[in-house]
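Letters A, B, C, D, E, F and G mark the chains as written, and numbering starts fresh at 1 in each.
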Amino acid sequence: MSVDNLSSTDTSFGKAKPSAVQSRRAKKIVPFCLTFIICFATWFVLSGRFDFFHIALGIIACTIVASLSGSILISRRGLENLPGQWLGFILYIPWLLYQVLLANIHVMYLVFHPRMIELIDPRIISFKSKLKKPMSLFIFANSITLTPGTITVFVSITGEYTVHVIDEKSGNSLPGEMEERVARLMGE
Amino acid sequence: MIWPLDIIILTIVIICGIAAISIKDLLGAAIMFGAYSFMMCLLWSVMGAVDVAFTEASVGAGVSTVFFVAAVFRTTRRTRD
Amino acid sequence: MEEQFPIIIIAVPLIAALLITALWWFDKRVCLPISIVAGLTSLVASVGLLLQVLSVGILEYRLGGWAPPFGIVYRIDHLNSLIIVAVSLVSLLNLIGSRTIVEKEFQEKVGAFYALYLLFTAGLLGILMTGDAFNLYVLLEIASLTGYALIGLGRRRAPLSGLNYLFMGTIGASLYLLGVGYLYLMTGSLNMADIAQILPTILPSKVIVLAFILCLSGLFIKMALFPLHGWLPNAYTYSPSVVSSLVAPLTTKVMIYAMFRVMLTIFSIDFSLNSVALRLPILWLAIAAIVMGSIMALAQKRLKKMLAFIVVAEVGYMVGGFWLGNRAGMSGAVLHIINDAAMTLCVFMAAGAIVYKTEDDRLSSLKGVFRTMPVSMTAMVVGGLSLIGVPPTCGFFSKWYLISGGMAAGHYGFVAALLFSSLVNTVLFFRLFEIGYFEPFPSGHAHEQQGHTDARNHSSSIAEAPLDVLVPLVATAVLVIVLGIYSGEIVARVIQFAIPAVIG
Amino acid sequence: MRALGLATVFCFGAILFYISFDFPGWGDENSPASQHVSPYYIEHTMDDTSVPNIVTAILADYRGYDTLFETAVIFSAGLACFFLLRIPERQAPPARFYRHLATGITFRIEKGGRLPEDTDEFERIDSVWVPYDVIIGMTCRLVVPFIQLFALYVIAHGHHSPGGGFQGGVIFGAAIILFAISNNLRRTLKRMSEKTSALLGSLGVLIYAGTGILCMVLGAGFLNYSALASLLGVDPVSARSHGILIVEIGVGIAVTAVMVWIYYNLSSAGRQDEGL
Amino acid sequence: MTLVAAIFIVLGLFFFTGGSIGILRFPDFFSRLHPAGKLDSMGLLMTLAGMALYTARDLSLPAILTALKILLIVVFVFITSPTATHAILDAGVRAGLGPWTAPKKKGTR
Amino acid sequence: METFFLYAAIYLCLIMLLSLYRAVFGPTVLDRMIGVNAIGSKTTALLIMIGIIYQRVEMFVDIALAYACLNFIAVLAASRFFQKRKGLYDESH
Amino acid sequence: MEALGSLILAKYNYWAVIALLLIGLYAMITKKNLVKKIIGMNIFQTAIILFYVSIGSKKGATIPIITHGHGDASHAVHSVEYINPLPHVLMLTAIVVSVATLGVALALAMKVYSQYGTLEEDEIREKIMESEPV
């Protein structure tokens, strides 16, 4: 058993550091506020009504959600450099969409190819990624799943990827450019 | 009500229903039952019963399938019919 | 305050159930007091309601303040106000006697038990009062759902029979719902009185006939009329005895009431009895139920199962009484609903007390039980005599009405079935008394040692169930006799107004 | 048995089929069902309750009593699952599994033995143990708050769009179930214990029934929300609208709690230590 | 705007078709996941984007908000769909389903 | 334009039949899950199409969103089954 | 031919209800597996729900949510424009009831399983015969 089996929810364990009460409270308040703001923005999109009554309801709802699951949404480790990450993420999306489109055309080609059986050569490969943060692991894994010919089978928390590839060509390009981009995006 | 859609969805519903009771594996049956609920939800939104569709979407697709899977998980998947 | 009685009867048990679920996590002792207070409030309100109905006539309570076809309405007349009193009284009596057995059988789940108990009662009371066909379904489901749960926690075969009950009960309720759907399709209304007004305008209609049959067959399943009684015996036998003495007196009777309500209020009595050629078939079903129930009861070797089959036979009495279609038969059936609730409660509570002590309900193990449990057995005797139909007890009077109704209708098969069933009940109960009266004599140990005799003496000394079981039990036995004495009064002052005037 | 069943079923079906020819046509606007009661609802809901969603208005107001018992049915289902399945704590499971965090060694402790729960060195794990999945874990962390927010939105906007207490409650419950599936049951129980769910369940129904009683105390009939007007300081029509909202919130709370409660009991067969 | 929306929807339907046929044609469970996971989410993206465009065609505030909601679904699906695909695949691997391998190739490719 | 959406919806339903084939006849439970998941994503699109046909999209969007959420939960629960219960076929063999 | 077509168009929904009812009932009568029976029960209930919703549908009408919001009460609402909302309400209740029944049924089935180790009715019956020969 290696360390990778540890659950990553950093709230529940890890050595209880003797920190001041105030900073702990601050650590709770920051996720709360962030969640509240995000939720409130979402609420406006969802609600579509801007009278006082509905906004008040929205505030109550966001407070409930933020107090219930603020610690679920916002990890304490991921707080540094947040605006940069969001900007990077927005820049990452078009590239990802482009890749997804490529992936789809590739799969489409396979699907409609009359001799599809001969083209594909499914296999499972694994490689080690240099990424460390759970969030970047997650983004990378989902990007792998969305892009040509590959689906993530399993990611361990240390960054070992097991990937199912549909043909050899798709597997060769991993980790490749995408990892670089994700790393840059998450500031690793 | 949009009848051409309605007929097709009704057909799918009936297929799903028959499949759900004839699959010889309880987990498969539970999953098929989930699909049956999806179709029911669609059927109701086709008929304009949005609230019923919403309820069915939340109940059928989410909770009742999870209940079935949980129950099958705690009992057995084996079935002889 | 008076005008709120109908809702108090239901809302108080409902809220008490919620409070119990909440408070039970903090203090385990609050359950029983809260439930008893709730049951008592409900009983007082229902007696008040009965008096009100007697003085004023039919009452109407609009829920949410909406006029009848648009909102839900409670309609209380002579028929249901009487049965409401009976149901809340039975529920309360059983509740008082439940403490010891409940603590023994459910230990950690006492709170949930009482909450389910009160919800069950609230559901049944709601069925009795509602004047809305769909609302009846919802309340039916809450009563059944809690019933399934209560039955399912018994021993041995209880979960399986609970599940069977659930399947049958759901089919029954769904058929009823389908029937209401057909009615709604043709009339566009859900209010019983409103449907009844619309129906004559569309009447020669196959759909309505099918709706009638569907509603009835759904309720037949729920009330366990003979060919559909499959779920009942096991469910009542294996359920915990507190539960069987709650469910057995109430469920079937309330369902019979619901049948009567459907026949009487939704479809007119004329339509139900004459337009559809169902009268004879259902009468024969009732006769079959009486005969088969009695015969099956004769074949049983377990006390509770025997009683359960007697319940099946009793359902036949009441259904047959209604479908005789004359005043005497219907009065007998309504009277029998009340009487049967009382006497079934009496025998099931006595059986519960006996099973609590002997841990075994095989008839053969009840030897000497008269000696050890005199009070319980006396109550059992009273209940048994009432089920047989011996004069001072209430069973006699309702049976008398039923028989005279059968005579008046010229349906001698029904009369014969009733007499046959009384005969079988006699055999059954006298067999029981005989077993209970004789001491257990050690077979094959004719010459035993002194020590064993001591032990036998010890075992044959009084070992009665605890007092809180006995008090309601005795009260029930007294009730059985009192109901018998006042049954003429009840018929004259209440029941004869409950039967529609068209019935000659 | 099979042949008999088929025969019964086909007889039943044949009767229903035969009768169906006497039905009004499907979607016929002149059918009795669309003529008698329903036009009143459609035409008067706005004036009576000022709720555009007619279904919500009927559900929580015109036929609010049905809905009260519908909530009670759900509540009693939760209670029934608890009553039937719950195995008390003192009946210990066959074995418990712990892992030492530093070394990764797994212990199996039999016969009801257990380690103290609040040490940082050991973690209780499920008997069939699955390594932590980063993808599922992260997705749930991202998604759960939004599902919850969406559920609250559904409850709050039941007046104007489809939805309401029941749907919102189910979705909220599903969010908690999602958390339980993606993490494990014990962690979920730490966030929302069984006691909490039972209390919330009864609280929800109590809000509903209590609103009804409150109306009764204020002098109108049971569930007649227009009596709340004096309390809320609005006119009777909007009092009905507000009453509906209060009731929907009650339903939402009850349904959430009960769904989670049923899931706890079903997925752990009543032991409430290891879930799906 | 309407035309663009229509083009998007047609494209989306095309992807959906590919996904469904792919699910039918591919030889084993693992390879079936490729069309199921990718083409379906792409199809959904396309159709929903098309419908969002169509909804927002008159540029009024409620319409735009509705369109935003539709896009919210897209975002949601793009988070959950790969996860669902991954979960099914992981389940398959843990259930002990070996991947299908190509039958012996004719010569060199 | 509504006719276009109607035809699109009908086409989508027919496509759904193809996925249904996999769901009904899929050799393993996991294949059924793929089929059902595919049906789910098509349903999400279909719901909004129905909304457009009814010209009340804003009412149907909520359903579609709820649907997308809960479909995901069901799939996750079912796959969790396999992660914990190893074995693709039932335990009888 | 024309008449037949319109007849089918007017009735096929009800026929589908009947088909689903029969599927559910058939499963409940003949299947031996308890969970299968529960599935059948649910199909039966949904069929009835479908029946009610079919009653409520109305040609050329829109969903029963009034389009103009608050404060516009003077705008008359015509009942032909909206689908009959009452069956929807009833069916919301019925769906809730069916979920509740499902939960209780599954709980009971799990209890049966923990008692007998199987979900097949005939096997359970055999085990009962073995354990309590009355």
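The rule is short, and it goes like this: a residue touches a chain if its C-beta (ideal position, glycine included) is under 8 Å from a C-beta of that chain, and two chains touch if they have at least 3 such contacts.
Note that this is a predicted model, so its numbers are computed, not measured.
Traced through touching neighbours, the fewest hops from subunit A to subunit C number 2.
Steps from subunit A to subunit B, taking the shortest chain of touch contacts, total 2. Subunit B and subunit D have Cα centroids lying 19 Å from one another.
Chain geometry summary: the mean Cα position of subunit E and that of subunit G are 31 Å apart. Residue positions of subunit C with contacts to 2 or more other chains are 134, 138, 141, 145, 148-149, 152, 159, 184-185, 190. Those residues of subunit G in touch with two or more other chains are numbered 9, 12-13, 19, 21, 25-26, 30, 54-59, 61-65, 67, 86-90, 92-93, 96-97, 99-101, 103-104, 106-111.
In subunit E, the residues touching two or more other chains are 21, 33, 41, 62, 65-66, 69, 72, 76, 79-80, 82-83, 85-87, 90, 94. The touching residues of subunit G, when paired with subunit F in their complex, are 62-63, 65, 67.
Residue ranges of subunit D in contact with subunit G, taken from their complex: 1-2, 4-6, 8-10, 12-13, 16-17, 20-21, 23, 25-29, 31, 33-34, 37-39, 41-43, 45-47, 50, 52-55, 58-59, 63, 66-67, 70, 73-74, 76-78, 80-81, 84-85, 160-162, 166, 262, 265-266, 269-270. Chain contact summary for the complex, subunit D toward subunit B: residues 26-27, 53, 55-56, 59, 154, 162-164, 166-167, 170-171, 173-174, 177, 181, 259, 262-263, 266-269, 275-276. Of all residues in subunit F, only 54-56, 59 touch subunit G in the complex they form.
Touching subunit D in their complex are the following residues of subunit C: 4, 7, 11, 14-15, 18-19, 21-22, 25, 61-66, 69-72, 107-109, 112-113, 115-116, 119, 122-123, 126, 134-135, 138-139, 141-142, 145-146, 148-150, 152-153, 159, 184-190, 198, 202, 205-207, 210.
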